[in-house]
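Take this structure, written in structure tokens, and hold onto it; I'll ask about it next.
Labels run A, B, C and D following the written order; every chain starts at residue 1.
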Amino acid sequence: MPVIRHRITSRVLEGNPLGDPITRDLLVYVPPDYDAASSKRWPTVLAIVGFTGTGGSLFNIDPLTESLHDKLDRMIATGACPPIIVAAPDCFTRVGGNQYINSAGTGRYEDYLVDEIVPFVDDSYRTLPRGQWGVFGKSSGGYGAIVLGMRRPDVFCAIADHSGDANFELCYLPDFPAALDAYRDAGGPAAWLDRYWADPNHRREKFYKPLNALGMAAHYSPNPEAPAAHLRIDWPFDLETGEFRPAVWERWRAWDPVQMVDRHVEQLRKLRAIYIDCGLRDEFALHWGARTLARKIRGHGIAVHHEEFDDGHMNIPYRYAVSLPILAEAIAGA
Amino acid sequence: MPVIRHRITSRVLEGNPLGDPITRDLLVYVPPDYDAASSKRWPTVLAIVGFTGTGGSLFNIDPLTESLHDKLDRMIATGACPPIIVAAPDCFTRVGGNQYINSAGTGRYEDYLVDEIVPFVDDSYRTLPRGQWGVFGKSSGGYGAIVLGMRRPDVFCAIADHSGDANFELCYLPDFPAALDAYRDAGGPAAWLDRYWADPNHRREKFYKPLNALGMAAHYSPNPEAPAAHLRIDWPFDLETGEFRPAVWERWRAWDPVQMVDRHVEQLRKLRAIYIDCGLRDEFALHWGARTLARKIRGHGIAVHHEEFDDGHMNIPYRYAVSLPILAEAIAGA
Amino acid sequence: MPVIRHRITSRVLEGNPLGDPITRDLLVYVPPDYDAASSKRWPTVLAIVGFTGTGGSLFNIDPLTESLHDKLDRMIATGACPPIIVAAPDCFTRVGGNQYINSAGTGRYEDYLVDEIVPFVDDSYRTLPRGQWGVFGKSSGGYGAIVLGMRRPDVFCAIADHSGDANFELCYLPDFPAALDAYRDAGGPAAWLDRYWADPNHRREKFYKPLNALGMAAHYSPNPEAPAAHLRIDWPFDLETGEFRPAVWERWRAWDPVQMVDRHVEQLRKLRAIYIDCGLRDEFALHWGARTLARKIRGHGIAVHHEEFDDGHMNIPYRYAVSLPILAEAIAGA
Amino acid sequence: MPVIRHRITSRVLEGNPLGDPITRDLLVYVPPDYDAASSKRWPTVLAIVGFTGTGGSLFNIDPLTESLHDKLDRMIATGACPPIIVAAPDCFTRVGGNQYINSAGTGRYEDYLVDEIVPFVDDSYRTLPRGQWGVFGKSSGGYGAIVLGMRRPDVFCAIADHSGDANFELCYLPDFPAALDAYRDAGGPAAWLDRYWADPNHRREKFYKPLNALGMAAHYSPNPEAPAAHLRIDWPFDLETGEFRPAVWERWRAWDPVQMVDRHVEQLRKLRAIYIDCGLRDEFALHWGARTLARKIRGHGIAVHHEEFDDGHMNIPYRYAVSLPILAEAIAGA
């Protein structure tokens, strides 16, 4: 079986603020002829997933959607993609997902990936020397990919950002009307989150906007001094009246990839491949974020592979068939 | 018939930037015993309507919704509301409606109301002496009412803001993803608006968000130097990439009633009645704006009649049955 | 003013089963040069409206939708439409509208139109001799037009069915899941209808499906012996379990225009013009009904003017600009 | 690992009309102490899944939804459920799923389950003697469970029907307006299905209704003599005009569990446990079908465990925590 499941206990995540587990799964896909090539080293890519997901879901069975291992097996067999190792960690949290950054609100997940997952895989598999990993992901995972590319080019040399969070005013603010209503009905964000986890169905439609807003807030504007009822978060809107708080919002903006570009030009320049795509009907308007990002990076004379396609935000892992060969070749071609 | 139709030609609107008509309807409701009371003077209220509406629509026939004249006749007959005159002007524009302010993008509609409509009615009907008008409206009309209350307490002494635009980050920004897509598909806002007017059905669902965003932009951030293809508007998002432009947005915020309160405390203090309500399921999140507004005004020691009710934004003229007696009594009781 | 309002007291509707008013409005549009032509007689058309509507609404003011009188004035002025008289009665009922048939559940509205409205207009205006009226309408009004054409060619010689109810399995059955839920929550259809009328907002979105199903059931399968809690209606689904009742449904089908065609061939042959259209995105799938109807009528060698257009079910009075000239010319050309 | 994957080649499915694979996965869950109890025999349950699913998906990883093996491990550990074996076959087909019946349109899947899957598991695992299996499923799988209970009580002695298809007029007919539009746009059902499979995203929202209607039609009204462009199916609506075809619909009704009850009373009487549940907000109105089914079966003096709960149709595997202990105890208690 090409997908190996590891259980890893983290030191970085010890005492994380949400009380999330520190022993977690790591799934690793190895290419079909991995075992046979005893001394050969292989391009390796980190897979990070969207909100409400976990790495293991990439290998789920669905008769209507090709799983990641089937896709890679097929593409490697036909030569459509060079053989690669893919490492898919679990970074799920009590706030519904991960943005893959170090945050006082959720934990040091950038460090977890860079200091624990990558070294573990480097130790356990015949990967390439340090600095030659790729990273890809969709949605929050796409966000994580571009942000890791900007922050950690010492580790990652090629990134693919699929439908990643960007242009926060367009992708996040529209969730707040429903989120504020939900928190108020529940008696505040902490009470809402308790209720959420007490419900036997965590995927009710009505939960997505409040959960998403809450997850983002925990990452971008945590405040250990804020009230427990507010989940130790500074909210960009007053929870009683809905008034906008520009100062809190500025803290979110500081994490918007679109705003980060100008502060990370030298890092971006180090990357061998930057792939960005998004569907033209993205329900979170992320095609606009992708456009801004591509334009800003190119504005610094850095090449971007930017694609748009006729689809929305969901059920689009077929796009990995475009990005993974680009990452694999960029890594291998170094 | 209790509703009289006038045709008025405006000087204020001459040469308005959108080329909208300057000769317009004004509908005036007079109470049932108006003619009999030959020297008596009557409280008078200006009715301003929501986006995509016009004053005349208040008197439309719908078997499921009581018209304004039927409601007033009924309430006056039972004593539920003191007899009042209501003046309902037409302020519709090519950008889909009106915010009832003086704007370089649409025209001087505050002046139109204050310098032409009010004097015409004062001349034509036995109204009370200057400074004793009321004003009410819903949605954009509610917005207009509170803004006129803050800006023109020399004319209006009592206002009712039903589900009025406020907290612009919550009520306007969520429309932009769809609006930006629509403008881009059409080749820009000007091209979109041309297409809109060329369509035989101006009420297609898909038109509302782009039309609303466009209407607001024309009011809040017009710029006569901006490209014609942009409709002489500075847009709060880059039309090519979707990037947010905080400086333009600050111009919108300057017109957010929530931001205006602190600059208009003395004026607000002059009003005899401030009525604000909004449905708890308002599709544009305006219940949050109403809360902020009520809290901010009360923070200055000024009384506000604030109500919430279990409904959304549409089909709620039954709320006038609550506000109009309050306005009428405040005016009459002075 | 070109639209005259009459108040008519009906004998036909006396003691109607829903207790609806028997004194009702009738609005009559006369063409601009009507008064001048003292002995001239004019083609006359009956206007019947959709569910939740009334004749008077055709003349409502909406800055985004041309009213019927403005449309006729404009088209007559340019010669696009021959001058006609239009009579728009009120047939609204407690069950939300009218199908314009004689029904034990609602009243004898076919008779009301044919025996009272038409004669009143013939007496009051210079119409053409008996048998030369046209009739048009949309939705329930379109249904009424084609059914009146089939049943009363002695009165109507030209009909226009816009987006009319037809193919009942496609247009009505999909409303039943929501309708059955609503009735059950309320404690039965009679309790639901009481609640509905007690609500200050009769146009809440959630009301439409249960109201529509109820209105149709009152017309097609009334049963004076049925329980009052069931509104004296035989329901096509068991109200406790949802089981389908084919025998009741057959009574509905007997009123489906698509099923009526074969039984009314000779009557259809007498009509001078049969106009049928529907939008290709009709939310009630009525474009399929229109297709079946057109095909079935043509199958008997009878001409049908059948059009499809790119729109849905709502806000499409612009289609009258196509149908009314056809009716007017068919009538005038006789 | 508690879930074992088998590959089985079928003889029953050889030459199936859709050309679907005959070598398929079978996943088998065994309880934690299965290996230790060397001669002990275990209650065994067949798991059949909903439309667009496959057995393997029951074991998918989702941080928000407990997988079937985790749920069973947990419940067995606490004694909440007796230990059981669960066999989850793959019955996916080119028309999007399976109703688990023998059909000329899809294949002999009842036979596949009864003559191949059950015997294979009986041979490979220490199950109980013939006639003591349970079967459970959701949606199409719930349908399959109740139908297998009625048709094959020689094999299954306990069934759980979760949100299963029933009352076909309520659950299937509402899909047809969108389905007919889609087929027409594509040039017929066969062309539509080709397009569907050519699209890289098989889970676009717009595909569900046409796919579901097509899948059901292939099961209930196949006709090998029908045109290939119609997919060798007799459609319950005319594909050109939308006219309803009652004779075809009667063939569907013959497979409605609600209609099957009276013809299968003796078989139902043989079952030791009949569990039926459905969410009160089921988007396909299946709570009505569950009510009818429960009432009809009870009408024959046969006990039914019928529950309703506050949820919709999706993401409700938490309901297996209610049904599986009932099945396990009914089987074990025999």
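We take it that contacts are C-beta pairs under 8 Å (C-beta built on N, C-alpha and C of every residue); 3 or more make two chains touch, one makes a residue touch a chain.
Since the structure is predicted, the reported quantities are computational estimates derived from the model, not experimental observations.
Repeating the A-B interface with over half of its contact pairs identical by residue number, the matching pair from A-D, B-C or C-D is C-D. Averaging Cα coordinates per chain places chain B and chain D 56 Å apart.
If you average the CA atoms of chain A and of chain D, the two centres end up 36 Å from each other.
Centres computed as Cα averages put chain C at a distance of 44 Å from chain D.
Per the contact rule defined earlier, chains pair up in contact as A-B, A-D, B-C, C-D.
Only residues 167-170, 173-174, 176-177, 180-181, 237-238, 240-244, 258, 284-285, 288-289, 291-292, 295 of chain D touch chain C when the two sit together in their complex. Contacts from chain A toward chain D in the complex involve residues 52-54, 56-57, 59-65, 90, 92, 200-204, 311-312, 314-316, 318.
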